[in-house]
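Note that chain A is present in both complexes that follow, paired respectively with chain B and with chain C.
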Partner chain A sequence: MNKIKLNNQKKIGLIIIAVMIVFVLSGFLNRNSFDAMNKDLILKGSSILHPFGCDEFGRDILKRTQVGMGISVAISFFSVIIGTFFGTLIGALCGYFGGIVDDFLNAIINVLFAVPSLLLALVFVSLFGSGMVQVTVALGIAIVPSFAKMMRSEFKKQRELEYVKMAKLIKVPTARIIFVHILPNVLETFLNCVFIAFNNCILAEAGLSFLGIGVQPPLASLGSLLSDAGGYIRSAPYMVLFPALSLILLLFGIGLLSSGESFHHAYSKRFKD
Partner chain B sequence: MKKIKTLVLFCLLALTTVLCACTDDKAKNSGSITIGIAQDIDDSLDPHKMVAAGTKEIFFNVFEGLVKPDSNGNIVPAVAESVEVSEDKLCYTFKLRNGIKFHDGNAVTIEDLEYSINKFAGRDGGEPVSSAFLNVSEVNVISDDTIEIRLASADPAFLSYLASVEAAIIPKSNATPDTVCIGTGPYKYVSRSPLQNVVFERFDEYWGEGGDIKNVTFKICTNADTIAMELEGGTIDMCIHLTKGQKMQLDKENFTIYEGTMNLVQALYLNHSFEPFNDVNVRQAMNYVCDAQEIMDYVSDGAGSKIGTSIYPSFGKYFDESLTSVYDVNVDKAKELMAKSAYPDGFDMTITVPSNYEQHVDTALVLKNQLALIGINASIEKVDWDTWINDVYLGRNYESTVIGVDAANLSANALLSRFTSEAGDNFTNYNNPAYDEAFNNAVNATDDETATKYFKECARILNSDAANVYIQDLPDFVAINKKFEGYSFYPLYVLDLTKIKTVK
Partner chain C sequence: MGKYIIKKFILLIITLIITSFVIFLIFELVPGDPVMDKLGTRATPEAVAALREKWGLNQPFLLRYFKFLLGIFTLDFGTSYTYGISVASLLKEKIIINLCMSLMALAIVILISFPLGVYTAKHTGGLSDKIISPLNQAAMSIPSFVLGLLITFLFGIVLRWFRPGGYVSYKTDFFGFLYYLIFPSFALAIPKIAMCIRLLKGNILEEASKDYSITAYARGNNTTGLLYRHVLKNAVMPTVTFIGMIAADMICSGIVIEQVFSVPGLGQILINSISTRDFPVVEAEVLMIALFIMVISFITDVIHVIIDPRVRI
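Coming up: the complex of A and B.
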C-alpha cells in the first residue's frame, strides 16, 4: 500500500545515484590521501594504483574526485535544506495569508529574484569571505527566492480548495492547516523543486569553485578539480575527463529522478490505495 | 549566379591576402609582432605617474632616463651621452646626447632635461617619484648641452634611481603628458584600445641601434586559460610570464621557450606582530623544514633559484650565494628549535594568498605539507588581488602570506628598505634595531664599497634572524613563435623590444 511506483526514468536515476553514492563511499577504502604529494607521479596517467591518474602535484585523482564529489554533494545538501526551509516558510505564509503579509514578503522576494542567484552568492562570499560554510549559506540564500515563488503559488491554489475551507471552519490551528493539511498536498511540486535546486546547487558550487572562491585548497570539490585541471587539458586530459564525467553522471542521475509527471502518478496511486 | 559572384569575390579576397603577405616578406624590417600581456594598461601615460609594474615593463621601450639599465645590470648612458661624477660624489654632470630627438621630431633640449628632472624629483611642487630624489638639492643648467644635479648627501646608488622609467625625460612643450605620450625610446606609442590592445611603432630617428620589428601590438589576454591556445592559433606571436602549465601546452616545434627569472623575492612572509612569529626559534624552525627545492620541483618543474634572503641573484654584487644554504632542510634541527620555543607541539596558522597568482597558491600548498612535519597546522585562504592589497599589504591584517616582492630599480635599497622598523611599506612589521643600524650605515655610506658591505650585512641579518621563510626567485618562461628570435632577460621587470628580431 505504501509502495511508491516508479517509472523507468526514475529507476535509472536511482541506480545512477546509488552508483555515485557507492563511488563516494568507496573513497573511505581508497588508501591514497587526497593531499599527499608525490614528485614521481606528477601528471602520470592511469595505473593500477591510481586508476584516474595523478595531478600536477602527483596526487591521486580518483581519491580527489571521491572527496570532491562528497564535498560538493554535502554543500548542495545543506544549502538545499537552508533554501527549502526558508523558501517554503516564506512561500507558505505569502500564499496562505495573502493581503499585506503577501505584499510585504513578496516585495522582498521580488527584489531578491531580480538579482541573479550566482551574483547573489558572489556578493555574499565577498562580504563574508570564502570557505565551505560561507558557500553553503550563500547558495542556500540564493535558492530561497525561486522556492518561495513556487510555494506561494501552490499555497494560493490550495487555499481556495474545500478541505482548507472546512478545516478553517472547524477552527483547526493555522500552523496545522499549513504544515499538516496543505504541505503534503504540494509535496509533488516540493520534491521536484528540491531536486532541481539540488542540481543547480552542485552546478553553482562548481561555478564558484571554478572562480576560485569555493572550498579552500588543498580540499577539493568537483568545481575546483575542474578549474585546476583546465590548464593541463592538452598535456593531461584525464585530469579534466574523470571529474567532469562524474559530475555529468551525478547531474544526469538527479535530473532523471526529478523528471516527468511520475511522482504525481505515484502519489495519486498511493492515495487511491 | 549570386553564388558565383560570392565565390569570385572570395577568391579575390584570398588572393589579396596572399599577395599582401608577399609584399610583407620582401620589404625589410617592416614586420610586425603581437605580444600577449596579462593586464590592461590603464595607467597614466605620464612616466612619472605610472604605478603598475606591467605598465613600466612595456613603456621601458618608449621612455628613457638620462641613463638606463642594460640586460647585464650595468647602467649605460641614454639621453645623456656621458656622466661625470665629482670627487665628493655630490655633483653629477650630464652631457646631452648630440642630435637626440623626441618621438614628435623635435630635438631634445637642455630645458627639457631641466623640466623633467624637476618634475620627477618633485622640485616643481609635485610629489617625487621616489623618496630617494628628496636628496636632490640643486639642478643647474651649465651650458646648452650640460646639466648638473647636486645632492645634499652622497648616495652611491643615485645613478640606478635615474635608470628607470620613473625618471624618464619628456618634452617641456607637452602640456598634457597624462594623455599624450612622447619619449625618446626606440619605440613610439601609437594607440590604445581599452581591454583590447596597445600599439607601438618603431621610432626610426632613434639615437641608438633601435629595434628590428616595425609594428608591435600588445594584445591584452586576461584569461590565463586561453593564452596557450592563442599562441598555438597564431593570434599572438609571443607571451611573457607563462606559467609551467601554459608552457607545457605549447608545441616545442613552433615555439622557442626562454627561461629566466622573474626578479622577485618569493617568500612566506610572516607578520611579526602575530604571536608565534615573534619567536626566532619558531621562524628558524620553519626555515629548516621548508624545502625550496621541493617547492620548485612541484611548482615550476625544478626551475627557479634559491635566495635565502631578500636579495635575488640578478642583483650581482649584493647577492650572497652562501646564504642560500644556511637553512638546508633539517627536520630534526627544526623539531629541536620548536621544542625550545613556546610552542613545542606546534600551532595553527593561516596563509593568505592572492588567488590570481597560481604559483603562489601552489607554493602555499606545498608549504602546508612541509610545515605539517613539525606540527604546524597551516590553512590556506585564497583572496582576490584587491583584498590582498588592502588587507595584507596595506592593512597588515594577516598572519602569513606567500607573495613575490620586486625591485623598482637596481639599488639594494629598493629591496631592503621595507624591513626597517619605520618604513611605510614594512608589511611584515619586522623590527630589529641591528638591522635598522646596518641599513642606515649603508644608506649614509659615501662610497659604494662600504654601502655594499652594509647592504650585505642587512641581507645576512634577515637570513640569520629568519625574518621570513625565503623560497626562491621564480622562474619566468617566455614563449616566442619561431618566426622571431632574441628575447633577453633583464635584472629588472622590463621587456626590451629591440632585442627581438625576425628570423630571415
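Coming up: the complex of A and C.
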C-alpha cells in the first residue's frame, strides 16, 4: 500500500481528518459531562472552561460536539460497512453471473436507485421506529443500491478480461475468482465508492438527526445539536456556529480525500514500476 | 424520436407499477395494526370491525393495491388515519409549495452554474479559476440544512432581509410567498451549483482534448467558436443527466430545509405522519416523490434525444 502516492488535495484531506479524529478523541480528556445540566450556565457564551459556550440547559457544547461527532462518525462507519458488504456482494454476483437473477436484481436496484437515500432511510425509520441502531441499518440499506450498481458494472467489465477467463480455465473456484482475483482489480472504484458513501452517510445521518429521527436525547449527534441550536439562533448564534463548523470541516476533509483521481494514478503507476 | 420516447414512456409506466407495488407491500408487512393503534387496547370488537370497514382494510390485499394504483390517476389515496380527511386534499397544498421551491432552486442552479462552468473552463488556470475552484470544494461540503441555518442567521437576523419563520401562504400573498421561498431555494441550490460547475468544467476540458476539437482548431476555429459551436453541445449531456438527479435530490433535501425555514411543506407532514404511523399519507407521499423522480428522469431522457440524435438508435 505504500505505493499509493497522495496528491496535495488528499494530503490536506488527510490532515483535516486527522485533526478531526484528535478532536473527537480529546473528548475523553474533556472533564465536562455531555448531559450534566447547570442552570447557572444556561446560554452562556464562550469562556475558558467552556470554549464553545453552553446550550439551553447549561451543557458544555464542546463536549457535546465531540460526543456528537463521535456518534455521527460511528453510525456512518457501521452503515458503510453494512452497505459495502451487501452492495459489493449483490453487485459482484449480478455482474459476474448475469442471467435472469441479474435482470431481476438489476430491475429492483434501478427502482431503489431512483429513490433518494434520505427517503429510503425515512421510510425504514417509519417502519421500525427511530433510534441509533435503526438509523445505522437504514442508512446501510439505503446505500446498497448505488454500491451494487457501481460494483455490478465493474464486475461486468472485468468478467470479459483475459485473466478471469484463464482462471476459469484452470478451474479456480468461483468464489476465489470473485474475491481474490477480481476484487483487488476494482479496488480503485471500490475505495472511491466507500469515501462517497461515507460522505453521504454523514450527511444523511445529520439530516435524519436534524429531523429528530436519529439519535435520541440526551445523546447528541451533529444533526441534533444543530437542530437544537436552530431554535436559539437569535439569542445564541454560537450554538449553531461550532457544531456547524465541525460538520463542515469533517465533510470538507472527506470530500478532499474522495475527490480527484489520485488513487487511479497510484494504481496505474504500479504497473509501470 | 417518437418511437424512443414511447419506449421510455412505457418503461416509466412499468417502473411506476413496480415501485407502487413495492411501497404498498412494505407498508403491508409492517408489524402492528393501525386500527388497534387508533382505538387502543380497550376497543370493542364492533368498533374495530366498523373502523376496518371504514378504512377498507378487510378487503383482499390485491384489491386494495389496485385501488391504490388507480389512486395515482384519480388522485384518490383514501382517508388519512389521523386527520380523517382525504389524503389528496391534505397533500395538494404541500405539493405546490415543494414544487415551487424545487423549481426555483433548479432555476437558480441552471442560471448560475452554466455560465460559471463555461467561464471557468475557458479560463482554466486563470485567476477566476483559482478563486472559484476552492470555493466550489468548500460549497460542496456544506450540507444544505447547515447552509439554511447560516442563511437564516445572516439574511434573517443580521441583515433582516426576511423574517425567519414568517412564512406566507401563496393564497394570501403570492409574491410574498415566492420571496420567502428564495432563501430556502438558495440553501438548496448552492451545494448543487458547486457540483454542477465542477462537472461542466471537467466535461468541457475533456471534450476539448478530443480529436474532433483538434480538427476544428485546424480548420481555423478560434477558442470561442470551438467552445460554443462544437464542444459545448457534447459537454452539456452529462450535466443534463446530473441536473435530473439534482431535481430528484432536491425534493428530498427540501424535506430537511423546510424544517429549517419552518415552511409547512411535504416534509413536515411526512415527519408527522411517520411519527403517528399514518400510513395512507406516508404511502401516497412516498409514491408522489417517486413518481416525481421518475417523471424527471423521463424528461431528462427526452432532452437527451433532442440534444443528441445518437441516443435515438
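By our rule, the second predicted complex is superposed on the first by the 266 of 273 C-alpha atoms of A that agree within 3 Å, B and C clash if a C-alpha of one lies under 4 Å from a C-alpha of the other, contacts with A are read in each partner's own complex, and residues count from 1 in each chain.
What we mean here is this: a contact is a pair of C-beta atoms (placed from the backbone, for glycine too) under 8 Å apart; a residue touches a chain by one contact, two chains touch by 3 or more.
Just so it is clear, the structure is predicted and the values come from calculations on it, not from any experiment.
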| item | value |
| --- | --- |
| Fit or clash between chain C and chain B when superposed on chain A | clash |
| Which superposed partner A:L127 touches (first chain B, second chain C, both, neither) | second |
| First, second, both or neither for A:V172, with chain B first and chain C second | neither |
| Chain A: partner with more touched residues, chain B or chain C | C |
| Contacts of A:I213 with chain B and chain C, given as first, second, both or neither | both |
| Touched partner set for A:L119, first chain B, second chain C, both or neither | second |
| Partner chain in contact with A:R234 - chain B first, chain C second, else both or neither | both |
| Chain B versus chain C as contact partner of A:L203, first or second or both or neither | second |
| Touching partner for A:F57 - first (chain B), second (chain C), both, neither | first |
| Partner chain in contact with A:L191 - chain B first, chain C second, else both or neither | neither |
| Among 42-50, 150-158, 168-176 or 222-230 on chain B, the segment whose C-alpha atoms clash with chain C after superposition | 222-230 |
| Overlap of chain C and chain B interfaces on chain A (superposed complexes) | 126, 212-213, 230, 233-234 |
| In the complex with chain A, residue positions of chain C that touch it | 15, 18-19, 22, 26-27, 30, 137-138, 140-143, 145-146, 149-150, 152-153, 157, 164, 248-249, 251-253, 255-256, 259-260, 267, 270-271, 274, 277, 282, 286, 289-290, 293-294, 297 |
| Complex contact set, residues of chain A against chain B | 35-37, 39, 42, 56-57, 126, 129-130, 212-213, 216-218, 230-235 |
| Residue ranges of chain A touching chain C (in the complex, touch as defined) | 107-108, 110-111, 114-116, 118-119, 122-123, 125-127, 203, 206-207, 210-213, 226-227, 229-230, 233-234, 237, 240, 244, 247-248, 251-252, 254-256, 259 |
| Chain B residues within the chain A interface of the complex | 224-225, 228, 243-246, 248-249, 294, 297-298, 355, 358, 361-362, 364-366, 368-369, 379-384 |
